[in-house]
Every structure is written in C-alpha cells, then in structure tokens.
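The structure under discussion appears below in the form of structure tokens.
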Amino acid sequence: MKRIGIVGSSGFTGKECLRLLAAHPEVEVATVLSARPSVSDPTAYRGALREPSCMPFDPQAVDGLDAVLLCAPHETAAQLAPTLLERVPVVVDLSAAHRLRNPAAYETHYRFVHPHPELLETAVFGLTEWAREPLSNATLVANPGCYVTSVLLPLLALRAAECIAPASDMIADCKSGVTGAGKSATAVTHFASVHEDFRAYGVGTHRHEPEIREQLGTQRLYFTAHLLPVLRGILSTIHVEPRTGLGADEFRAVLLERYAAEPFVHVHTDDEGLPCLADVQGSNRCHIGVANHGPRVVVVSCLDNLVKGAAGQAVQNLNVVFGLPETFGLDAGASPLAGWR
Amino acid sequence: MKRIGIVGSSGFTGKECLRLLAAHPEVEVATVLSARPSVSDPTAYRGALREPSCMPFDPQAVDGLDAVLLCAPHETAAQLAPTLLERVPVVVDLSAAHRLRNPAAYETHYRFVHPHPELLETAVFGLTEWAREPLSNATLVANPGCYVTSVLLPLLALRAAECIAPASDMIADCKSGVTGAGKSATAVTHFASVHEDFRAYGVGTHRHEPEIREQLGTQRLYFTAHLLPVLRGILSTIHVEPRTGLGADEFRAVLLERYAAEPFVHVHTDDEGLPCLADVQGSNRCHIGVANHGPRVVVVSCLDNLVKGAAGQAVQNLNVVFGLPETFGLDAGASPLAGWR
Amino acid sequence: MKRIGIVGSSGFTGKECLRLLAAHPEVEVATVLSARPSVSDPTAYRGALREPSCMPFDPQAVDGLDAVLLCAPHETAAQLAPTLLERVPVVVDLSAAHRLRNPAAYETHYRFVHPHPELLETAVFGLTEWAREPLSNATLVANPGCYVTSVLLPLLALRAAECIAPASDMIADCKSGVTGAGKSATAVTHFASVHEDFRAYGVGTHRHEPEIREQLGTQRLYFTAHLLPVLRGILSTIHVEPRTGLGADEFRAVLLERYAAEPFVHVHTDDEGLPCLADVQGSNRCHIGVANHGPRVVVVSCLDNLVKGAAGQAVQNLNVVFGLPETFGLDAGASPLAGWR
Amino acid sequence: MKRIGIVGSSGFTGKECLRLLAAHPEVEVATVLSARPSVSDPTAYRGALREPSCMPFDPQAVDGLDAVLLCAPHETAAQLAPTLLERVPVVVDLSAAHRLRNPAAYETHYRFVHPHPELLETAVFGLTEWAREPLSNATLVANPGCYVTSVLLPLLALRAAECIAPASDMIADCKSGVTGAGKSATAVTHFASVHEDFRAYGVGTHRHEPEIREQLGTQRLYFTAHLLPVLRGILSTIHVEPRTGLGADEFRAVLLERYAAEPFVHVHTDDEGLPCLADVQGSNRCHIGVANHGPRVVVVSCLDNLVKGAAGQAVQNLNVVFGLPETFGLDAGASPLAGWR
C-alpha cells in the first residue's frame, strides 16, 4: 500500500483526488494539508469517504510519504515544489507551475516570476498516453491542463501520422463546464451569471494556448475557450484541413490504431457518431470522434475536466510512477451522470 | 457468482440496474430482455460496461438464472410475474405491480384490473431496512416507489417510537428530479418545459400516496409531488406535530439509534444541518435531517430516485435474498455528482 | 411625468426597478445613487436602456424628486429613510426595514437595533391589493417580501372568507429561484452549489415568517423556504384544513370573486390546473390554484420574486401613490420566459 | 391598424409571433390557423395575451387580411404559399421553404421536391438590414434561419469591406439553445438528454450551411452546430484570417460604421468585451464583438433564436413591408432574462 499526501484540498481538483483515491486499492491518502482549516465543508462526501483530517501546511508532515499530489494555486505550487521534492520521491503537480518549458512564459501568462526555473527542465509533462517512459522514473510530474489534454490527445496522434495539411491553421473551439473555473465565488461563477447563459472568454489570451502550442511544437494552433452552464465536461471542436487526399475515414483509422490499447481513450467508430459530454462525465476517459466537413475535417474531443482533465490523469500518472496498473482507482463502473442517457 | 436477468432495459430503472451491477463482485447480468430491440442507444455506458446483448422477451431465456430484475411497465410486470416465478427462484419487481395489498387499488390508481391478485399476498414489500426477515426467503419482492422510500424511512421509525402526535396530519411535500418521470419523450419532459420551471403535479391523486398510507397504516399522510429541473434526486419535506414534550432533538435521537448500523441511511447530526440532493446523488444512501419549527417539527429526507429509490434498493434486496453483504455493488466510492460540492 | 430616484442600484431589486421603469410612460428615473461606483456592469441592459449615470449616495441628489425607490440593504435602508423622507414626498422601501410593526423583531430576526422605530407605525405595508386606501396618501411604503406576497395573497382572502378551519395549522412549503438569494457571490450562490441541487434553508428561523404572521394575525402559519436551481420565481405550496363542508371548489370561488377585478392576480379555474413558474416569470402577476387533497386543501401560489415579489410591486405601489393606472410600466406584453412553453 | 393572420401556431415560432405582436401598436392578429386544434395549451400567455381563438386551416379564413405570417413546417409552407399569396398581399414565411434560390437544394437538404420553384425567384430573403429596398415592395418574404442571421450580419459587412483575406476559410462554430430544435418531444429534446450535456450535431450536413453560403456567395464558409442546455440564444464564434495589415480594430470600425444607425444590431466597443447570450435573450438585437487571436480574428455574434432569429425578424420585416417604424412591437424594454445579470 502506497501512502500519499494531498497538499491543497479546498479546491475542486483536491476534492476530486480525494473522491477517486477513496476507491483506489493500492494507494492510501495518509495526509491532507491545506492553507484553509478543513478539507471541506461538513457535507462533502458525507457517509462515503473516510477522510483523513486536514491540517495546516507543514513540510514535515509529508516526510515518509511515497508521493504528494500538489493541488495548490500556480504560484504557491511553484514555491512549494522544491521543498516537497526534498522530502518525498514523487510530486505530481496539478497546477500549471511546471507545465511550460520557457520560464519567461510564466511572467507573460501567469504574472509571476518563476522562483525555481531549473525545475521546468526536469519536470515530466504528464499526458500519460504520450509520456509513459519519462513518467516511469519521474520525480516531478506536471499534470496537463484540462483543455490541453482534450486538444492534445487527438492532435498529437494526427500530427504524428501527418494527417493535417502542413499549412493548416488548427482552430480549437473549446467549451468547458463551470468546475473548470474553480471554486472561488465570484460574479462570474454566480448561478445567476452562468445559468441560461453562454459566453466566450480569454480569446487570444488564454493560458492554455501556449501550453498546447509548446507540446504540439507549432504556433498554428488557435484555442478559444467558452463557459458552458454545466458542472463537468469539456467538448473541444477542432477544425482542420487534412493533407490532400485524406478525410475523416483516414483520421479515424489513425486514431483508432494509435489508441487501440488505451483504456482511457475511446475513438468513436462512424456508427457511434460524435461524442458528447454525457459519454465521459465522471470517468477518466477521453472520447474522440471525427467527421468530414466538405474538404475539411472536424475533430470532436470530450473529457471530464476534473477527471482526465485533472485529478484522474494525476492518479493515472501516479499509477505509472508507482508501477501499478493504470486503471487502479479509475475504473469504478459507469457514472451516474452518464449511465442513463 | 450469481447469474441474473433484467427484463425491460430501455427505461431509466433498467439502465440503472445495469450501471450498478457492472460493479457487483458476485452478480453477473447474464441475460437482458426487452420489448425494444436493444438495451440502449449506442452511446450509453460506452467504454464502461460490458453489456450483454439484448434480446426480445422470451420466457425461456430466463431458465436457469438465479433471479430476475423486472423493470417492465406496471401492467406488463403484473402479467409477466407468474411466468417468471415458474422459471427462476426470485423476481424483484421494480414496477408498482405488487406493492399494494388491495387488488382493487390497481383499478383505482393504475387503471388496470390486476391479473394475478393472489401474488399481492405473497409479495414482500422490499423496503430493505424494514424487511430483512421476509426478504431472506422471498420469491417475489415488490421494490418500493421512490417517493415512498424517502417518506417511509423517517416516518416508520418515528411512528414506531411514538414521536408524532396521534392526531397530527403528516404533510409530505416532496420534490423529484426528471428521471422520476420516466424516459418517454412528452410535452412534460421536453427540456423547454422543465428547465427554469417548477410545478406541483398529481395533487390528491398521486399513486404513491396509497402505497405510503398502506405501509404506515394510516390515512393521515398527505403526499404532494413536484417536478424539479434536475436529473436525479428526491427531497421530501415532511411537516408533523410531535407528541407533547418532544422536538427535533428527540426525533433525531430516535432516528440515529434506529439507523445507527445501517450502511445506507445517514441521519444528520445537528451540526451537519439538513441534507440536500448533492449529499445523495449517485449513491444508495438516504439522508435524513430534522429541525424544530416552533412547536412543530420538519423532517427532510433525501435520496437518489434511481438508486435507493429504485435500482439501488433492488440490488440491496437481491443481496439480502442471496445472503450476500448488502453493500455489494453499491459501495463504489463517492459520486461525481456529489463529491466536489 | 414623475421624476424619481433609485437608491441602491447594484443589487437585483434595484436593477429590476430600472428594467421595469424603462417602459413606464409616466415615470422617469432621474437619479440613480449607489454606494458602489456604477449602476451595473457594462453589459447590463446594453442597448436596451437609457441608463442615467449612477452617482455615489448624497442626500441632496434626491431634492426635488417625486419619490425614491429605496433598494439598499435592510439596516442601511432603516438609517436612510428619515433623511430621504425630509426631501421627497414618497419613499418606497424595498428592504425589510419597515415591514414589521414590532421594533424588537428587528433585533431578533435582522440582528440590528432599529434606529427609527417611530417610522414602523406610519409605514404602509404595501401589499397593493390589500392596501390601496392607506397607500393613496402614504409617505413611506414598506414593500412586502417576495415569499410573503406569495403566501398572503391567497391566505388573506381565504381567511377573510373564513374558509380555513380555525384550528388548522397552515403549512407554507415555499420554493424560490436564486435571484431571491441576492447578488453576492458566495459558496451558496456558486453555480456548482445550486445547479442540479435542491435544499431547504432557514427552517424555523426564516425572516419572512414573522412578517407573514404579523399580516395574517396568527402564529399558526408555518413557513419553510427552499432554493430552486432556477433564476426567477417562487412557488408556494400551502397545505390547510378547510372549515367543515368546504373544499377546493369553495376556496376557488372565494378567490375568483375577491380577485376578479385585479389585473395582477389570476386565479386558475379548475380547467387550468395548478399554476407553475412559467406562468409568471417576468410578469407582475401572482397565479393561484387550489386542489382537494382528501379532506384537506392544497393552495399553490406562484409569482416572480423580482417582479410581484419586489420591483414590480414597488412600481405598482408607486402608481397607486401617484394616482396613475396601476398597470403602467407593468404591462409590457408576454415574457420571453413564459411565452413559448 | 393592420390585420394579419398566423398560420401554424403550435410551434415555438408561431407562439413567439403571438407574444411579440401582443405589444404591437399597429398590427392586430385577427386570425390564427393551425393544423392542431388549439393555439396553445391553456397555460400559455395566460393573463397576458388576448389570444384570438385558433381554427383549423382554411384558405378562406385569410381573405381580407393585410398579411400572413407562415409558421408551418418547411414542406407544408412550400405547398401553402401560392394559395395564400392569391388571397393576401404579403406572406412572411418563417420556414426555410423559400430561402434557397436553387430548387434542387430542397431535394438535397430538405428531402422534398419543391412544389413551386418559381416562387424561389421572387421571394425576398428577409435579412432586414440588408434587404430594405426589395422588402418595401415584397409579396413573399423568406425569413432567414436563426444561425444564418447570426453569421450573416457580421460577415456580410466584413466581406463588403474586404476585411477578410480572400483565401481564408471562415469557420463558424455556432451554439444554440433548445428552442432552436423545435417543440417536438423526442429523445433529443428530453430534459434528461440536454441538461448537463452538450453536443455537436449535423456537422457537414446542416441545412443552414447552404443558406449561409448562398447569401455570402462563397463555399468557404464552414458552419458547425452545437446544442446548448439553455432555452434561448445563439452564440456564433467565427474564426477568420484578416486581409494583411488588418485586425480586430479595423473589423470593429467597419462593423460600427455599417450598423451605426441600426436599432437592432449592436457592435461592442473594445471596452464592452465580447457579447454573451444574456445580452440578447428576449430582444430582437444581434450583438457583435471582435477580438484579435494572434494574426487571426475571432468574431462573436449573439442573438435570440426565436426573436432576431425568427419571429422578431419576421415582425421587423412586416414593419418594413407595411411602411411602419421598424421597432414597433420590438421595443418593449429590457428582457427579464437579461436585465439583472
């Protein structure tokens, strides 16, 4: 039994880690640390979780643990990482603090000077399906962003197979549920601002765009974010020009082959149509479908922003680092959000 | 490994049985029969369930199974039950076809003449926490209604302990999510009729009122139903007069004692406040809270209408009949609907 | 053309006053004062309203106006009222600061010592349909609470006609949309707390209970509040015992007669069934329906909490005070929230 | 006072015409005809509209009217149009039956052979802001599609001013509320299919794509539709490459100039940010905003699919044909859906 700690348990990702790990057969949450006094309000998980009590942050509290899931805000995570790495063999950082290679990008996109830029070189970008080898001996894992994961899973495979026309801009028009906006109560997250509304945000300035571009190795990826009046889920509609002679059938064949053995990436056959949020909510799966649009191709990629887009992928990465089966803690049957549709 | 069949898999309860049993360690769904051609649309449970293929109904298909979960419409269930009981040792009927003792009530409330009234005497009313002994050798289990379960769990305990004034009317003002209204696409279930709306329905005529009254042994229970713009969950607000000298503290003490050992009934302490839908969605738990209202007492009872109100209680009953631990298949960790609130 | 001021324009009620008065043919909003720097975010009403610019509060700014709509928080409103009354002939207070007769109740229920208890005697409780005579020469109007209006409109008429058994408790089980909880961004109003959830709140302690009881002249009214995942609307389900020999037909006849000439109270005939939120959202109407429940009667009353429950009734009261037709500013056709259901 | 008829009043567009015309000072709905027995369920518009009673369709019933709003299904509208045009001077067709110039397109996209292709040449495509001259003496007006209006209003202006690079594909990633899917109760419109879900549909096959392309005069417009869990509103995110040297500032300047005098098109200044559904729900306005996205430009266009996207534009067109002020019936103040955000 591996014993891990969670640092930062008051936000959605920390809570989702607790939810998933409660069903993990080989990992025990031994310690929960938080700047706020308690893990959660008294109603959360009531009756379902045996929650360890939450304590104020203290570096010594992680001594002897096998790993830490770092769910703190970006700048805090950047500050804490070296201290934690001195005390535990593995840190999986769910913030963006170690996702970008270029330290200067933190000033531009996150408005802080990165305090430990040397870690950016050693951190492993934890898109599990594309990082198993470096993950196997990683000490610091940078867990990818939610939008980022939904866009990279199809595009990395399609670009590796040279499906996309080299001159094609890739337009990723992405939509996310409100849990992606975090737990802070603001005018933006007020029920009266979200319900029966829909909006674009961060056009041309969203922090996930440089992250996607760095991983794809191109500036031709254009990412736009929108806020959906739902709790969970990201649906990314990606518009591309295929290489001459190719279309949805070839795209699908490439994706089906690349992800055939993956437990958490499901490529839709033509019969299955395009995926939707209800296919993935509550699960660690990413569903991908493709369709012709005249000479162009539309790729639709869906995942749950809190699971494959955050806590689920963190657990998946932890399983890889620990040498455990990747599905441990992530295979708890169908979700009550998806099951009955 | 017990092998069971599901008859009627196109509705919400049949699908929810499939969802829950996919995680059951000792029960396998060997056969799925349905009047409709397939278990479900191709998107349902995709990637999560190993669904047995669905076949048209044929009585011989259940031969040799250990039990059948009967998820057919009320009148169909009444017709099929004797045939099924000749072929399998146990039938759990999720419809209302065997819940009422009085055959005449079916004409009044369900508008059909019960074809096999003799079964109404032998059927065990499967409110698990109150029926373990008869369930242990039951052949036909009448799984209780969703509203019914939410009202009976607190009131049976409170009446047994004589907490409620004998002359008190009990006003159960209940609210349910849309999955309680079934999967048929009608003007009532159209998104444009439900979203941003709320309504009372069936006032004075709802079929669950005679079911509750029969179990409570009194006509003084007045049940009102309302349709909430949510997917899952029932919240019942029950207004009663306590016996002289009693109040919320005594009610809570009675409930805490009665349900102390129950895995699926959680009585809120005073500190926990009153329960809400997010406490129970996706789980088989019923949460109960009480509060003083001047000299009166308000009892709030919550459950997921598809789980403890239907499929979950059916699995719980099946576990009792099979002599398995009651939590098997019902303990899959916290729900993605409740975890992050 | 009457010229009025709005004091406190950053909350929902202030904004709703602006929305309604934009279509008023005889009232002009000449001045908007607010403790916050601007009337609203730049997106509000964009293109639809000619908004007067908003200024910080200054008593002199209301000099010469014909009336003020006071939309400040309760305690602020209590403090400001005398100053405003020295400068304008009429103040309609949309807060609770002048609704209760008993000054001590403010300490108990609103946690402040009322600074000007003498005003509680002169303030007119502005439930328009029951207060036209005192309103006609009022200087200070206490606009009723939203829940309060929904409960009083049916019960005042039914009690006046002695329809309800004298010994009957009246159980008002009420449900409100989120705009009733105010515009502050809190854990309670976060989209992730409200969407797909439902809860009771303030059981036994809600501030609207003493207000209803004072107006009804009885302590036997028991009010319970619930939070609906909708923007607008209150539905109150009121459970009563009728006087012997009476039932829904007699209740309906009394209500139809009492409100026959009222433009904003619509009593449903038996054919129309019970009202729902979609009947009233966006309008100043209260819809009332009744149904037998065995020997008891259920009364369902619906209104829009921001219109008949707040700003609409304030405009209606202003019309009465000014001697204008009551429907001015309140009769702008059907609402886009109700029209297409 | 102009007297008009509505043919087809059971769907959302027919009902929305009734809603808007109830506040029109110069148009009276004299006749309502429908294949279904009544205009609406008894609850619709209750207390707000003086509804003319609805009669079965009979051509003679429109004799003597000044115009007909034709709200029938596409094929029925194609069949009825000539008959109606013999009897009334003006028909505004809200279906798609006369929007496309090419008769063959009806077989391809609408699956029926157009019965009166000669009318396709005389029908005026009623995008009001671009069609006032032909509208002024039109007899048959083809009211544009909802998505179509949201895409054409910005793109016609930007293409006329040669803002967009000639070689640029235009990617219109559009999202619509459920009322755009019609009033039929289907598996797709069931609350349990829509709520807390989001999906793309009709990718590469949607009927509005040929309509947009015909009006733009190019095949390089790629339209994708998505279903939002909201009642009303379309938000179209349009991704284009600008002509060299241009960007959002120039786009905005062109749009501001083109629509400066338009009452129903509001172009956001840079300070106002991008529009969202709450800016337009319930109103006849289209809001347009632009933002740079690196070297590309994103255009966001919002409208209410039932108003500017259907019934509102029909009333606007009727006003033009009748020589009335265009805002009559469309200027009823701020909407209760938008006002308080």
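First chain written, first letter: the chains are A, B, C and D, and each begins at residue 1.
Just so we're on the same page, contacts are C-beta pairs under 8 Å (C-beta built on N, C-alpha and C of every residue); 3 or more make two chains touch, one makes a residue touch a chain.
Predicted model, so just to flag it, every value in this text is computed and none were measured.
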* Asked: Which chain lies the greatest distance away from chain A when centres are computed from Cα atoms alone?
  -> C
* To do: Return the chain pair with more inter-chain C-beta contacts, choosing between A-B and B-D.
  => A-B
* **Chain centre separation in whole Å, for chain D relative to chain B (CA means)** => 46
* Averaged over CA atoms, how far is the centre of chain A from the centre of chain D? Could you give it in whole Å? => 39
* Structure fact -> Taking each chain's centre as the mean of its CA atoms, chain A sits from chain B at a distance in Å of 36
* Please list all residues of chain D that touch 2 or more other chains. => 12, 41, 179, 192-193, 195-196, 229-232, 276, 278, 281, 337, 340-341
* Asked: What part of chain D is in contact with chain C in the complex they form?
  -> 12, 15-16, 18-20, 22-23, 41-49, 179, 195-196, 231-232, 266, 271-273, 275-276, 278-279, 281-283, 285, 287, 304, 306-307, 332-341
* **Residues of chain D touching chain B in the complex** => 12, 41, 178-179, 183, 185-187, 189-196, 229-231
* Structure fact -> The answer for chain B against chain C in the complex is residues 169, 171, 173, 175, 192-193, 196-201, 203-204, 219, 222, 224, 226, 228-233, 235, 237, 239, 241, 274, 276-278, 281, 291-294, 296, 298, 300, 337, 340-341
